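Here chain A shows up in two complexes: once beside chain B, once beside chain C.
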Partner chain A sequence: MPYRFRYLFWALGYLTLFSLAVPTTAHAMHIMEGFLPGRWAGFWFVVTVPFWWVGFLAIKKLVREKPEAKMLLGMAGAFAFVLSALKIPSVTGSCSHPTGVGLGAILFGPTVMTVLGSLVLLFQALLLAHGGLSTLGANTFSMAVAGPLVSYGLYRGAKALGLNTRVAVFLAASLGDLATYVVTSLQLALAFPDPVSGLGGSMLKFMGIFSLTQVPLAISEGLLTVVVFNLLHLYEGVPAAGANIFGPRRDTHVNR
Partner chain B sequence: MFTTDSYAYTSPLKKIDPVEKGAMTVFSLLVALVGPAPLTPLLVAIFWGALTVFWARVSGRAYLKLYLLPLGFLVLGWFSLALSFSPLTGSTAGYEVGWLPAKTVWPSLGPLGGTLSIGPWQLYFTPAGLRTAGAMTARSLGALSCLYFFALTTPLTQMVGLLQALRVPTLISELMLLIYRFTFVLLDVATAIYLAQSARNGYARIKNGYFSLGQLVANLFLKAMAKGRGVFIALEARGYQGELRVLPERLEWRPARLGVLLAADVFLLALGWYLTQGV
Partner chain C sequence: MSIDKGGEPTPRSGSLDRAGQSPLVVNLVLVILVLLLTIFPFFLARGGEFAGADDQAEAVISRIDANYRPWVAPLWEPPSGEVESFLFALQAALGAGFVGYYLGFIRGRKKAVANNH
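Right after this comes the complex of A and B.
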């Protein structure tokens, strides 16, 4: 085959790959069912257990202090799940689904988010075939532990530095998404080191290939979260970060 | 609303105890993950796929369509595993161990066997990479067939029984039930808002779209919290003591059936091993 056709071949292959993988919608980077070999799937379950435990204790305390928190947590979880079914018009022109990682971490706090996030991931696996049972541990670690911790930390840090709330929210939401993507890439690279270039090369490959969907997603989600926060601030007493939204509050809006 | 959910509620296997189905699923998932790839996972995929279509009576077309959902991730993942890269200046002849320069191994594959240079890097398939990618694809198919079997035959409300058997705290299983119920309520709200917004050209442009979606999310959040409080008030008015009790369904539990299916899994595992060793 002449040399220049080789480029044509690769270009066509790349376009096919691109159109297959990034058709109209880009999902958050859930590792699909069965992608990880058995021992790595198990490893991430073990790593996630302490975070589940901490989150469980936080939720238990919340429910003991305020019995109505249980319903609110249920609603919060359903809200996070429904959020992932919506489509954001993405900056690249295609669509992507919000992950709600940053929004959830700022509204509910990172420990609560771990439990809610893992339940949402379980639902996504069973109802939407998105993610999986064997990869639940790995996905929980990247999307419901690492992402929310980064988002919450950044939001708190940016506020402490006296930055504008919008900037803080944008940083928290977009970098939280990026953290999820980097951690997922690391998880994939650890399980599949490259035969030539090893762990580092593998990490670069995964980050490179998935950046097609994940970087636009992070930017879109950052923008969306800023809009949401601006609107929420119009309402009195809504989210000042953390668990205070689970407390009793007078209903200023219609309850139908 | 969700394909798997509607199949689960109308499934002929709905009456089977979720613990039994859970045990089948988890065991065959383990077999698919641990067994020698690519043979065992593919056998698992065929076996559980056949059970899902012929025993659980899921339409074959709908079943195959479900496999399209994770296709994007599978394709991207396949390329990430199969391709390797190294600096253009570095010779590809130096790696005898484990892999050989793609050119010499795959000469008949045309461009697939060569290398592609992008800037200072060269990109190529390696035999080791292709093997890993193949094993991963088989494993994913096997594991997906187990996930789909469970998802297509077990209504999520029955999951609570399974979680109790796994000694998951009641608080978590209650929360799961609540999230499941509320999901449909909030989906209705979100759909109504979305419809109203698009009828008013809310998503006509990207910038409008962001603002509309932001409004949708913010209002959905406020609605969710208001509804949560409403549910609590309604429950309290009916004597809520901090625990939600539901009547357990009467479900069948047949150890013999479970035993046969687990034995079939063990057989697939042994067959995979035997054939892999034999080749």
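Right after this comes the complex of A and C.
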């Protein structure tokens, strides 16, 4: 048991120390305040609102029916909170950060993370001038709607194909992270189509910035998500197979 | 202890689906991989500025549409890089703190349940 504790300690100590050691130069990611023209900013709010609504209802239902899930819900939010703060150097010589929403999407479904992810974005917009209030709809759509949807879909798909759970978690988290930045590029390209090469050319330019930078980070995010998933599985016995972990659970302790 | 988890076999502590690998050893390997992934850009992109990717996006926007001016400014900006990194560190520490608290909590709970049997 002391051995196990030691590894856990290392993993968490790493997360904390690392977050303090990251070089913080400029901002990294999400669409900056005022950088989407008004009608596009509005458009993405409109697109995002239904997901917020469904997410609120899903959280309300979860908290009512499984009050014991509240802490795990908090942890899914906290995980996104840490990972969004980690601005990690990448192969392109610039920095970006992971999103951390894949874990929660796998545990609770995608729309729950729409709500939690938008809270993270709100914090960063208000206190860090990172992202922005006018672009909150667009950034929520990329990081907290598209990313979790891709993660959730991939996780379910990979499990249906009979892949190993950890492989499924890794694929879901890392590709969900990439999807976020592909969508960010698309949002920028739609608002700023290239006068010569059009939407496609513009998309490629933005993708060139975000996506290549994001590849190693996506891999890191996938690995870190598996680390936390492993610990949840070990200590909580989260059923590895089901995405909907709050089926029959701890309260059924009766049959000891 | 037997906990009904919808037909999933209860994982014995310290063992993964595959026999023989402790999840904690697997985790250690994964964390080392993440560290390597983080360090190798410094060698690969030697001399890079390691600035934020969205500042580059800003540059692309001004190349595509030189007349575009951001129409809203942030309500508040951290007055200095130090304050900004303080807030980022705070964000990470709060998040990591809760993640650690929760993992410690469920670990203790599992042990308590095991000791009751």
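What to note about this one:
By definition in this document, the second predicted complex is superposed on the first by the 176 of 256 C-alpha atoms of A that agree within 3 Å, B and C clash if a C-alpha of one lies under 4 Å from a C-alpha of the other, contacts with A are read in each partner's own complex, and residues count from 1 in each chain.
The rule is short, and it goes like this: a residue touches a chain if its C-beta (ideal position, glycine included) is under 8 Å from a C-beta of that chain, and two chains touch if they have at least 3 such contacts.
Given the structure is predicted, the values throughout are model-derived calculations rather than measurements.
Of the two partner chains, chain B is the only one that A:Leu107 touches; chain C does not reach it.
Within the superposed three-chain model, A:Leu119 lies in touch with chain B and out of touch with chain C [touch as defined at top]. Of the two partner chains placed around the shared chain by superposition, chain B and chain C are both touched by A:Leu127.
After overlaying the two complexes on the shared chain, residue contacts for A:Val227 are found with chain B and with chain C alike. Shared-chain residue A:Pro216: touches chain C; no touch with chain B. Judged by the document's definition of touching, chain A residues 7, 10, 20, 22-23, 27, 29-35, 37-38, 71-72, 74-75, 78-79, 81-83, 85-86, 88-89, 123, 125-129, 132-134, 188, 192, 194-195, 202, 205-206, 209-210, 223-224, 226-228, 230-232, 235, 253, 255 lie at the interface with chain B and also at the interface with chain C.
Across the interface of their complex, chain A is touched by residues 2, 4-5, 25-26, 29-30, 32-34, 41, 66, 69-77, 79-81, 83-86, 95, 98-99, 110-111, 114, 116, 126, 128-129, 132, 136, 139-144, 146-148, 150-151, 156, 169, 171-172, 174-176, 178-183, 185-187, 190, 194, 203, 206, 209-211, 213-232, 235, 240, 242 of chain B. Within the complex formed with chain C, the chain A residues making contact are 3-4, 7-8, 10-12, 14-16, 18-20, 22-35, 37-38, 71-72, 74-75, 78-96, 123-129, 132-134, 164-166, 188, 192-195, 202, 205-206, 209-210, 213-214, 216, 219-220, 223-224, 226-228, 230-237, 239-242, 247-250, 252-253, 255-256. Considering their complex, residues 1-6, 8, 10-11, 13-14, 16-17, 22-28, 30-31, 33-35, 37-38, 40-42, 44-45, 47-58, 60-61, 64-65, 68, 70-78, 81, 84-85, 87-89, 91-100, 102-107, 109-110, 113, 117 of chain C touch chain A. Contact residues on chain A toward chain B in their complex (touch as defined above): 1, 5-7, 9-10, 17, 20-23, 27, 29-35, 37-38, 41, 56, 59-60, 63, 67-68, 70-79, 81-83, 85-86, 88-89, 98, 103, 107, 115-116, 119-120, 122-123, 125-130, 132-134, 188, 192, 194-197, 201-202, 205-206, 209-210, 223-224, 226-228, 230-232, 235, 238, 245, 251, 253-255.
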